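Here is the structure we will look at.
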Amino acid sequence: MQIFGYPLDLDPILLTLEVAAITTVVLLIIGTPIAWALSQMRSRARIFLEALVALPLVLPPTVLGFYLIIALNPNGEIAQLLKYVGYDGQLTFNKMGLIIGSVIYSLPFTVQPIMASFEALPTQIVDAARTMRASFLDRFFTVIVPLARQGFLVGSVLTFAHTVGEFGVVLMVGGNIEGQTRTVSIAIFDHVESFEYAEAHMLSLIMVIFSILVLMFVYALNRKLQIKQA
Amino acid sequence: MFKGNLQLKLGNFALDSGEFQFESAGVTVLFGRSGSGKSTLLRALSGLDRGTRGTLFFGDECWQSGKTALPVEARDIGFVFQTAALLPGKTVQSNLNYATQRVPKNRAQGPSFEEITQRVGITHLLTRPVDNLSGGERQRVAIARALLTRPRVLMMDEPLSALDWRAKTELLALIESVIADYQIPTLYITHAPVEVERLANRVVFMAEGHITSIETLAEATTRIDSPLFTEEGPVSVLHGHLGRVDEDGLIAFESAQSGAFCFWLNTTEPTGTPLMKHKARLRVLARDVALARARIEGISMLNQIAATITRIEADPKTHRQAVFLTLSDGQALIAELSQRSVESLNLAPKQTVFALVKTAALLDH
Amino acid sequence: QADTITVAVAANFTKAIEQIGQEWTKETGNQVRFSFGPTGGLYAQINNGAPFDAFFSADTKTPQKLMEEGKASDYMEYAQGKLALYSTTLPVAKEAEQIIQAASYNHLAIANPKGAPYGSAAVEVLKKMGVYDKINKDKKIVQGESITATFQFVMTGNAQLGFVALSQIKDPESPAKGKGEFWLVPQADYTPINQAAVLINGTKHADSAKSFINYMRSPAAVKIIESYGYEIPK
Amino acid sequence: MFKGNLQLKLGNFALDSGEFQFESAGVTVLFGRSGSGKSTLLRALSGLDRGTRGTLFFGDECWQSGKTALPVEARDIGFVFQTAALLPGKTVQSNLNYATQRVPKNRAQGPSFEEITQRVGITHLLTRPVDNLSGGERQRVAIARALLTRPRVLMMDEPLSALDWRAKTELLALIESVIADYQIPTLYITHAPVEVERLANRVVFMAEGHITSIETLAEATTRIDSPLFTEEGPVSVLHGHLGRVDEDGLIAFESAQSGAFCFWLNTTEPTGTPLMKHKARLRVLARDVALARARIEGISMLNQIAATITRIEADPKTHRQAVFLTLSDGQALIAELSQRSVESLNLAPKQTVFALVKTAALLDH
Amino acid sequence: MQIFGYPLDLDPILLTLEVAAITTVVLLIIGTPIAWALSQMRSRARIFLEALVALPLVLPPTVLGFYLIIALNPNGEIAQLLKYVGYDGQLTFNKMGLIIGSVIYSLPFTVQPIMASFEALPTQIVDAARTMRASFLDRFFTVIVPLARQGFLVGSVLTFAHTVGEFGVVLMVGGNIEGQTRTVSIAIFDHVESFEYAEAHMLSLIMVIFSILVLMFVYALNRKLQIKQA
C-alpha cells in the first residue's frame, strides 16, 4: 500500500490492533475475577495483594521483558509444564509471546479501575437482584457489571491504548520479527532508527488517528448503552 | 409457620429475636419504634445478611441453621426495600422484566403484568428510566416488582411511606387482594396504625432488637396500652357483613348473627348497589364511641347499639377510662371516656348501655 | 529450493543490512527476515530460545561471548564503525579539540559506554584529551541509550555536540546532511569499533545463514557497507 | 413574600408554576398527589436545579431572573431531602459539623447543637457512621442538619415519612417551635393531612406540574371538596386558648371571647398544671361532630356547644351533608351528617342547635 | 553502599522515587481539573477529548520521547516562550525534563480513573452540601474529592507505579546523566545491556520491594482514612 507516495506496510498495524484487542479481552476475562476477589477480601493480606497487582508497572518494560523471556524459555519450567498439559508451541517470539507480555504488563490497568468500581457497588441493589432469584453469576453479569461499567470502560481504554503503544516488553518477548511480531510501535522505532522520519511520522499519525477512532467508538458506545439503558 | 431464633450483630446494634413462632398465613406486621430493629429482623428473615446466625424454619423448610443459610435466591421471596433499590440506569419496564424473567416456570399463577402495573398506577411510567422518578413513583415500582416475582413470601419494608392518601388506599387494596387471592404469606413493616388494622392478621412487636410479643390483631388492638395506639388510643375491629346501599346513601354493616347490631355507614357507592362483598371489617376508635344510659332522640347519631359493660379500666396517667362492652353477638367494643363522664353517668360493669358511634371506618371494600 | 532465514541485527545497522538483504535475495533466491534490537537485548533473546539463524552484533564482545558459551560459530567481522564528533551549531570540523576542552557547551552527548561500543570509544577519546573526568563531574555528558538516541540529542539541538557514528552522518537520508558539521575522530584515538556476525548453533538454516554472513564480503555488500560510512575490517 | 413564576423541564415532565405569590412567614405546605411536581417545585425554589427558568423573588431579593439565578449557597436555605442525602462515610457528628461550620458569624442565633440533637433524638448516634443508620434515624439526622444551618428559609421534603408516631409528634413540636422562635419561613412537603393542619399557615396545591391554588389553612380545610381531605373529610380548626388542667384530667379549651365556647379535652399533663401555653389550635373533624336539637342528658359526651346553622351543603355523590355552623364568637365549625339525619332532625339554616363533639385533637401543646 | 558484596548506587533509587512522587502530585493537580471539566461536558466534543486524553499511551515511549526532545529543544518555540516569561533553564536533560516527560506520558493514568469517579458522583449529596452554603471549591474538596476517593487512589497508584518503571520517555528526555537523570529503570537497563545480570536482578528486586512498600502504605492509608471517616 502507498500513502502520500510512501510505501505503507499494513502488517504491523493489523498485528498491533489484533494484539491490543486480544489483550484487552483476555485481561477483562482474567482481570475481572481478580478484581472481584480483591474487592471482596477483608483480611490484611489484601493490602499486599493490591500492591502486588500494580507491580508489573514498576519494572522498566524491557527489563520485565527480559525476565519474561527467561521465565518462558522453551526449556524453562513453565514451558515444560505446558508441554505436559498438551500445549506444545513456543511461548515467546511469536504472537502468543506478544499477548502474554502485554497481558502481564497491562494487568494493573485492567484490575485497578474495575476493582475500584466493585468497591463502590451499592449493596442494596445487588441485594434486590438476589430477592428476584438472581444467582451469583446471573446478578454478576446483569447487575454488578452494568453498575461497574465505568470501571470496565476505564480499564479497557487504558489497556487497549497502552498495548498499542507498548514497546519494551513487546520488543523483548516478541523479538521484532518482520511480518510476525513487528508491531507498529516497533516499526515506528525502526523507522526513526534509520532516519525514515517521514515514514515514522506517518505511521505515528495513522496510529494516533486509528486509536482516536477506536476510543471514540468505545466512548460513543458507552454513551449509547447508558442512554439506552436509561 | 415461621419459627426460629435469629441473631445478627451490626456494629453496636445486636438483633436478638429470642425464640419466636407465628403462623405465616396472611399478613404479619412488624411494629416498633424507629431503630428498634424491624428492618434488621426482616433482612435476617430474608437471608440477605450473611452475618445472620441462629435458626429459622419456614414451614418444614430450614432456612437457617447456625451459620448455614439457604441462599436468598432460593427462598422465593419478594422484597420491597425501605429505599426502593431499583436497578439504576434502566427503565421501569426493564426493572420489572428483571423480576418476571426469573420466575420459575412451575410457579403458581399470579396476577398478570398488565394488571399489576395498571393497579399500581405505573403504566404511564414504563418507558421511563427509574433514576428520575419521584419518591412515590419509585415506591410503586418497587411494589410492582416484588409482586411480579411471584413470591412464596412477600416482605415489605414501609412500602407506602412516600405515597399520598389515595395512592395508599389503592395500593393497600391491591396488596390485600393479591396476597389473599394467591395466598402469599406477607411480612410487613409500617408505622401507620391504619395499615396495621387494615392488613394485619398478627403483629410482631419489637423494641431494642428483641421481639417483645407476638399478638393477633384483636389482642393487639384491644389492649389499652398497645404500642400500636399511642396515637389514637385503642381500636375495636368488628367483623360483619355489608348489606345493600340504601336510597339515602347509607349502607348497613350487620353482625353475622342476624339482628345483633346494625351500623349505618357512609359509602360512595351509588344507591341500590347490592351487597358488594360479604365480609367486611369495621374499625371503631374507642374515643369515637360515646355511651348513653338510654336510647337518645333528637340527635344526628344514627348508630345507637345496645351493649353490656364487661369491665372498666382506668389509665391513671390520663384519667381516661376504657369501658369494655360486649355486643349481643359476643364481639367486643371499647369506649374511651373521661373520668368525669364515667362518674356522671354512674357507669359500672354488667349495666346495659347504648353505644353511640358517629364515625366508623370500613376497612375492606 | 528457496529458504527463509531470520537474522538478528543490531539496530544501528538497520538500513545497510536491509539493502544487502535485498541484493542477497536477488542473487540467491533466499529470503531474509530481520529482527532489529539493542545488542544486549538480542543476546538475551538468543540465550532464551529466539528463532534466530544469525546474529549481527554492533560489537565484537557479544558474539565472542556467545562463541565462548558454545552457542555460536562462524565468527566474522563485517564492518568497522567510525566515530565522529557532530554538532549543528559549533564549528567542530576545525576546532573540535578546543571546543571540547573549553567546555562552554551545556551538554556533550555520547552513547551509553556500558552497552554501546561507540560510547566506550567516545569515553576513550575524551580521556585521551584529558577532559573526561572534568566534564563528567560537571554533568555535561548526556548518554543516549543507543547511538541513535545520541544522534537525536545532537540533531535536535538539545545537546550542542556529541560523538556519533560516521554512518549516521554519511547515511544518504541522514538529517545531518547539510545541517551542521562534523569531525572525524582519528582512528588512533580509540579502539576500533568492529562489528561481528555469528552463526547461531543448532539452526536448521545453517547453510543459507552462513551464505548470508559470507555475503558481507561480496562486492555488492561491501559497496553498500562503505556507502554508509563503515570500513571493512581487515 | 415569595413571588414569581418558575419553569423547569425534566425529560417529559414540565413544571410550570404559573404566576404565584404568597406570604413567606410561617409554614407553607406544598400538597399534591405523588408525581404532581412538589419536589420539583421545591428544588426550583431552592435553586438546586440549574435548568430552572422564570422569575423568583424572596422579599426584595431576586433569586431567579430568566437563566440567571442566585447560587444556592448564597440563598441561606436549609433543605431536608426526600432521601436524607447525608454525606456518606462520615459520622453523624461530622455530618452535623459540616452544617454548623459553614454558618456565617453574623447569622442570628438559633437553638444550640445540644438542644437540636437532643430533641431530634440523635444524641446517642453522634459517633455512628451515617451509612448504617435505620431509615428513621437518617431522616432525623437530616432534619437536625437542616435546622443547624441556621437558614433564612427552611425547605423540607417529606421529612417525617419514615418515622413512627411518637418521633413524628416530637419532631413536629420541635420544628414548630424552632421556626416560630426564630421566625424561619418554611416550605414543607407532606402527604399527611395531620401535618398540614398542625403546621401550615397556607397550602400550595399542585397538580400535573402546576400550582392549582394557594389557600390559607382555613380556606383549605373548610372547603368540602378540599384535596387535603379525601381521607377524612373536612376539618375545622378552632383557635382558642387553654385553661388549667382539672382534677379529673380534663383541660378546657376556651374561645378568646370569654364564654363563647368551652371544650373539655383530654391531656396527659398532670392535674393542676397551669395553662401551659396560651394559644392553641383545636382540630375537629366534621364527621366527628354530631348535632342535636336540644342539650342532651345521660350521655357521655361532655362537649355540647350551642351554634347556629349558616348553610347546609350536600355532596350529591355521597349523600353526605356538610352543615356549616357559627359559634357564638363567630368561628366556623363544620358537621358532616348523613342525609337521613339531616332529614329526621329537620335541620335548616338559622336554627340553633347543639354540636356534640366527642373527639377533638389539640394541635399545639 | 554495598549490598551482598555488590556496590549499590543509591542516587538512581532516590531520584526515581522523587520523580515518581513529584509526577504523581503534579498530575493530581493538573489532571483533576481536566477530569472535572471532561466529566461535566455534555457536548459531542467530549467523546473526542476523552479519546485525546488517552493518546500519550498509543505512541511508543521512545518515539514520544523523540517528539518531546524536538518540541522542548533549547531553540524551539516552547523554550523561547518560557524564556520570554522568565524561565531560563533547559527543559531537557535535567529533572525538569524527567518530570515533564513523565507527566505527559502518565496523564491518562491520572485523568481516566478520576474522571470515572466524578461521573459516578451522587448528585443529591453534592446538592446537600450546596444547601449548607458550601461554595464550589469548598464542596469540591470536602464532598466531591472524598466521594471520588477511589478514583484518586487508582489514578495515583497507576501514575506512581508507571513513573517508577517508565523508561523510554525518561531516557530520551532525561539524557541518562549519571547522578542527575539516571533513574533506576535506566540503571537496570544499563546493567542488562552490559551483561551485569546480578546487579540488574538486585536493583530490580530493590525497586520491587520499595514499590510494594510504598503502595502498601498508600493502600493502608486509604483504608485508615476510610475507617476514620466511617
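Going by the order they are written in, the chains are A, B, C, D and E; count residues from 1 in each one.
What we mean here is this: a residue touches a chain if its C-beta (ideal position, glycine included) is under 8 Å from a C-beta of that chain, and two chains touch if they have at least 3 such contacts.
Keep in mind the model is a prediction, meaning the values are calculated, not measured.
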Partner chains that chain C and chain D have in common: E
Shared interface partners, meaning chains that touch chain B and chain E: A, D
Chain whose Cα centroid lies at the greatest distance from that of chain D: C
Inter-centroid spacing, chain E versus chain C (mean Cα positions, whole Å): 35
Distance between chain centroids, defined by C-alpha means - chain B, chain D (Å): 26
Intercentroid distance (Cα basis), chain B paired with chain A, Å: 57
Length of the line joining the C-alpha centres of chain B and chain C, rounded to whole Å: 91
Sequence positions of chain C contacting 2 or more other chains: 41, 44, 152
Per-residue multi-chain contacts in chain B, two or more chains: 83
Junction residues of chain E, two or more chains touched: 62, 66, 186, 189, 192
Chain-chain contacts as defined at top: A-B, A-C, A-E, B-D, C-E, D-E
Contact set on chain C toward chain E in their complex: 38-41, 43-44, 65, 106-107, 109, 112, 114-115, 136, 139, 141-145, 149, 152-153, 156-159
Of all residues in chain D, those that touch chain B in their complex: 10-12, 32-35, 39-40, 82-83, 128, 132, 134-137, 140, 157-158, 161-169, 191, 193, 230-231, 248-250, 264, 266-268, 271, 285, 287-294, 296, 298-302, 317-320, 335, 337-343, 345, 356, 358-359
Chain A partner contacts - residues on chain E that touch it in the complex: 46-48, 50-52, 54-55, 57-64, 66-67, 108-109, 112-113, 115-117, 119-120, 150-151, 153-154, 157-158, 161-162, 164-168, 185-186, 188-189, 192, 200, 204, 207-208, 211-212, 215-216, 219-220, 223
Complex contact set, residues of chain A against chain B: 122, 124-125, 127-135, 138, 142-143, 146-147, 226, 229-230
Chain E contact footprint on chain D (complex, rising order): 46, 48, 71-74, 76-79, 81, 83, 85-91, 94, 98-99, 102-104, 129, 131, 145-146, 149, 155
